[in-house]
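What follows is a set of structures to go through.
Heads up, the next two complexes both have chain A, just with different partners, chain B and then chain C.
Showing the complex of A and B:
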């Protein structure tokens, strides 16, 4: 290998999830030079694989008042600074005949004591607000839950940070740390798409890699025990509920139904898995069963609703016992390795929730800024993210809007003004989610999109009911135009996307999901001959050929 | 209502059976529930491109006997060589009479068609504006390929075609390039011209003036020795008329490729068959769906007496014989429930695939075919199905409702549809149970 590029910065952040991108923004706003590295795309780990629930904190009020308090604080902040990522739907905690109605008063009391507004509703009132809720409910409590789009949140963090001088490297891994004695001064990195090696020298390195943070610590020869817990969810074809629906009882499996843009999500299961399984999560048949069965108790219509796909994420639980036995925390774990292990230049921020990402960033950046001698205060709770505007209406957004309306919701109105406004720019690529050519051009050029899966994370392209049947082909062609991709490479992007989508479809391959899969296969293999694209020009293509003769 | 024969399903198998019944002088109805798979098909007739074990077949006729011996469960093995080729000849004849002449290689070889992604698919019989590349690709006589990008058309991308074609070793010495062509009628439209689908463009190009202007532009970018790859954007209701005109005006060698659905190449076949069926006196019950059937026991076998449909509600439709051509999952010929697959109308016995995990492969584009594509109805040698193990003697299964083959991986979907539709009517006519 010839030349290795070298970069210098004050802070190197490892991990482009909600926490990492929030740190990136926090540093940038404080005038700290920073670079962020992720082994994949932003929001491609746990961040993008959960409910996207804007917790009010009510879910934790009874069992974990500290988390509940953090949630309601952050809830209020995110509504202000990230209004374009938030849908202020409100949430219901319902009591079913099989639940203990007396838990309701415990619940309300606990919410009140941490500052979460509650409103007790009769079954009739609840049904009026949410017609699809299980009509046999005994009672309900309304709380300020909402939804939070994690992809949009991360993309906005990055956009703002970049506008303040920060830099990002996606699809890049740390291969080793660069050390001088007991000090880490940087990392040797590899871009896994281009196979280019590069080095980043930094005064401070922040490990914000979530569940993968254990590996990062190992590169520094540090031991952190983490216990991955898999959570599986199902995506339903359309939005069956307008309010988040929870069970008014202690948290359990499959008891949250969350509306999100044009779909609804039911989740989650919880299963401890081996650390070696974190990159090959599978949703089992049994989990699909539980999710449907339990989900139908929240909204009976769920049983008749088509399931689009299944996915799973890993909760990054940390053992904070220090080696003696197990004391697993679901809270925020900030490890200053200089203090903890005598290794300077590295800080780990682990555990936590999507809801507390900004707070985690503030805590981490405070520690690191002090080491750098930077006294600027944190402003991330005050300054709105790009695209966030104060919304006056409290109504949930309409599910299908015109492209510009949909795009403004996704990227903020300022960004939409930058879109190509010609007839071509305005033409629709994805009809389910109203994504236009102009929006895709913007995403490819400005939002670090390198493939169709990245594009889906930024724009929701292919996330609607057709699951990208027609639009992925159209969008892949746009990578030739805006992404300096050859036609051959863009065909490969198309196949990559369909393979990624297949992962989520396999666990629910029945009913309409199977119909749709057959249709997709007919088009892309029967009509288009897509399977051969990856073999073109390779030796495998010739080896494969075996003729049937008499 | 009373018929001699009722066909459930309006795809290629259903129409084949329907047209054959009419030829035999039977009073025939086809019940068709909306769009068939033809709306996303290539419009070529695939005969047999691969064995179930993945070996490439160059000449289906030459290897037929061996194939039938080695794969006795394949529908072709039941149909037999003679009927198979007789049915294809017959199909060729009737489609030609309906204005869609189909041709194949004289020696009976398969040929390659260039796909919308610039890959090659093996097929057997094609419409006139499909350029037939030899199955021994090194023998091709192509000098130059021009791929037409219609300005602002989203559902076809010429760059993907050229760049992938360029990866094919046998094409390394030929020039392959893109050329952009605009359609006059795109300007002055009320709607955004960048959002038109193939079928909308077909409407614009049905105008004589538009065709002439389009032809002039094509002449500027290609010469008669070139292969001109054109997305299929003509022939919605007018068959090959526009393409014939384009060919006549330009003298160019046009190769049509299907676009994202709707595929006009497939629609053309459906329209031709549907028109023929109606002109020949058939009753086409479009947009209706069979809901249930009534069977009676008859000397150890079952006899389907009548069927009911969504539109006719409680009024039974009766016939001496019935043909099931209801397709697979997409056309709702099968329904997949959580852990089992069912034939929803008569609850016929299916080939056994028990565990949902085994319905598919790990990879979507896998070297091995997905088992769900071969799932189908178990039948006897004359394609009669069974209900709880008892044969239904006057019901015949055809096309993708049959078990034992993968239409895509084995490249035999339309061939099986035509031959089993044809064969079933033969069996029906032989059937002693026929009472006309």
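Showing the complex of A and C:
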């Protein structure tokens, strides 16, 4: 093997989810040199497999006022600094005939006491705002819920961090720590695409590996107990609701319907699973049925709506009892291992939520910066992310092409100006989500994209009704042009992408999803002979894994 | 909720509709039925920013719907979206669209002075003026008006009609009333020869299709309610079928009312019938009039809305029932006029491009007549091939022995 590359930096961040990328940005803005590693793509862990709900905090107001308070604070901040990732939809907490209407006043009281604005609505008022809500509701409370696109959020964090000198390595897994006595001084890593090993030396290492954080701690011979709870969700073909719809009662299964971009999401179920199962999640028939049945109580139209796919994520719940008994936290868990375990050079940031990622980053970076002697203040709550800088709520110009409107929505007006504006640049690759050649070129060249699945996370390619039927061959062709890969390699990317899409379609393979999948199969297998492409060489490391993404 | 609103998600993106769309084929600026229909419907739910002005290029021919294997009401989706979101800009073209779609109003105003009006609209100078000002293409001749309406003529004949043992109601439409009363008269002859009497509805207004095509959906909806009311009365009073000699009127009364205008016609829809399907059934049940031989060759052109209704076969079989007639069925394709579409200056070239293949085939056919069920197809074919184009009923009337 011979030569092993070595890198040096001040801070090494393990994990490119919402938490890791937010830390990367925070460090970079404070002038701390940092590198981020993810064993896969950014936002490919739990960050890409949740509800994408920008909580107002109302969901937690009654049971966990601390979380509720964090939520409403971060909600207000993200609306400003990440406006291109946020849809300010508002949310409804509805009371159905089987629910206890008296819970409403408890709920409103709890919200008010943590600073969440509420507005009590009559059933008629609620139906006027959200015509698809269950018409048998007894009442509703409106709260400032919203939606948060996790893919855009992570990509913008990385973009900003890189502009401030940070570096990112995707498809690079941390395999072990480099340790001197009671100090972690770096990590041994493997690039899973090239199979090259390398080492990164750092003054401080941050474990932001989410549910996989337990493994990372084990590399340092530390014991952190995590209790994975699987949650499954369904993606509906189009937006059936404009406002987030919740039940006004204690949180339960399948009780949130979230409008996300061009689709709606219903979730989630909740099931404790064994830690060894976190990489092989399955969505069962039973879960699909529960989600449809319970979801239809929120919006009856759901039952007649086509389901595009299913996916599942794992809530990274941490046991904070320190080994004696079981005390599971649903909040943010920051572990300064120097204090906790006497091991310097390592800090873990676990638990929390997607929408508290910025706060988690601030808390972590505060601790690490102090150790590094850096006393620049945190500014991530003030500085807008790239894409949200020039954003106004003004509508895009009327005459612009639909692809430009869609791209402005995803990347902010500024980025769109960089896209190739020629006829070719404007032509459409993904017809369901209006992704243009120019947008694909930009993503491949600027947003750390190595394959079509990454490309999907940056652009929504293949996330619409046809689930890649029409865009896959076009986009894989563009990879030859902009991503410097051979025709053979691009065929492999094509198959990799289709397989990934199909994994999520399989649990809902009935009705129109079945017809669509069959038609896609005819095109790629019958017409293009896709199965003949040999899958030799650099296989993507997740091919055998049975997990699903949004 | 109407059909157009929930059928879009059945689309499996096969793009067959776009392959069959005559406008997409002829005009590269038209994104086609898939993108304007199901794809667009989904995005328009997310935000109205995704409404594309290009939707006005759709001719509402519904060939996309005929082609779709997933039963998506593609054309309806587009028409509904236009009705809801199309912005009307006040300019001379709006006036033109108004004139072209107000068939009732201008029919009533023109028929008393038909010879003069026809002369005026036929003059080169006026044509050039209309081209330059309101954008009616100078190559087009506006439809001719008749002197006196069909309704007026019928009044005198109404008592006779009541003598027949069986009665049908007739929705004559604007075309028969103002432009071609002879078609109505021919129908009366044919039915009488079959021992059936003709009734008119107490009142009727334009079915609304030109209003739909020009985006005046509110006015169209008023007409639809008015017509449904009158048809309901006729059905309740006389329990007659309601026949139409226009493939487009009957299609509109039956399908566009509920699908595009959201007007409930369920109490009468089963009674409304396009004439050839009614006649063929009568013929097959033994009630055919005596027909003499017509030793002629005709080419038959299938109008888009008849194709969508799935009724072309009835017209074709009816023609084949005429002794001596040589029937050549042309490939089913759009003639390009699409009601009022081809009259507009900005659509003229596309309209001609769409119809080109049809015109060439007809010109090379050596036929004595072209036959079609639709009045606007008739104008387009006559104008561009100079072959006399008539309705199947006109031909049947020619064959009557009495």
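The definition used in the following text is that the second predicted complex is superposed on the first by the 521 of 550 C-alpha atoms of A that agree within 3 Å, B and C clash if a C-alpha of one lies under 4 Å from a C-alpha of the other, contacts with A are read in each partner's own complex, and residues count from 1 in each chain.
Rule of thumb we're sticking to: a contact is a pair of C-beta atoms (placed from the backbone, for glycine too) under 8 Å apart; a residue touches a chain by one contact, two chains touch by 3 or more.
These numbers come from a predicted model, not from an experiment.
J.: Does chain B (first) or chain C (second) touch A:486, or do both, or does neither?
T.: first
J.: With both complexes superposed on chain A, which partner does A:131 reach: first (chain B), second (chain C), both or neither?
T.: Neither partner.
J.: So in the superposed three-chain picture, is A:515 touching just chain B, just chain C, both, or none of them (first/second/both/neither)?
T.: both
J.: Between chain B and chain C, whom does A:506 touch in the aligned arrangement: first, second, both, or neither?
T.: In the superposition, A:506 contacts chain B only.
J.: For chain A, which side has the bigger count of touched residues, chain B or chain C?
T.: The larger set of chain A residues in touch belongs to B.
J.: Which holds for A:528: it touches chain B only (first), chain C only (second), both, or neither?
T.: First partner only.
J.: Now for A:261: first (chain B), second (chain C), both, or neither, which partner does it touch?
T.: Touch partner of A:261: chain C, not chain B.
J.: Between chain B and chain C, whom does A:549 touch in the aligned arrangement: first, second, both, or neither?
T.: In the superposed model, A:549 contacts chain B only, not chain C.
J.: Determine, under the contact definition given at the top, whether A:470 touches first (chain B), second (chain C), both, or neither.
T.: It touches chain B and chain C both.
J.: Does any part of chain A touch chain B in one structure and chain C in the other, and if so which residues?
T.: 470, 515, 519
J.: Using the touch rule from the top, collect the residues of chain A that touch chain B in their complex.
T.: Against chain B, the touching part of chain A is residues 285, 289, 423-424, 426-429, 437, 470, 473-474, 476-477, 480, 486-491, 495, 498-499, 501-502, 506, 509-511, 514-515, 517-534, 536-537, 544-550.
J.: Quick one: which bits of chain C touch chain A in the complex? Just the residue numbers, please.
T.: Within the complex, chain C touches chain A at residues 6, 8-15, 34-35, 38-39, 42-43, 45-47, 49-50, 52, 70.
J.: List the residues on chain A that touch chain C in their complex, please.
T.: 237-239, 261-262, 304-306, 395-396, 402, 405-406, 409, 431-432, 434, 464-466, 469-470, 512, 515-516, 519
J.: How about chain B: which of its residues touch chain A in the complex?
T.: 37, 40-42, 50-51, 54-58, 62-63, 65-67, 115-121, 152, 154-155, 157-164, 166-169, 192-195, 258, 260-261, 263, 328-330, 332, 335-339, 356-357, 359-360, 362-367, 370, 372-373, 407-408, 413
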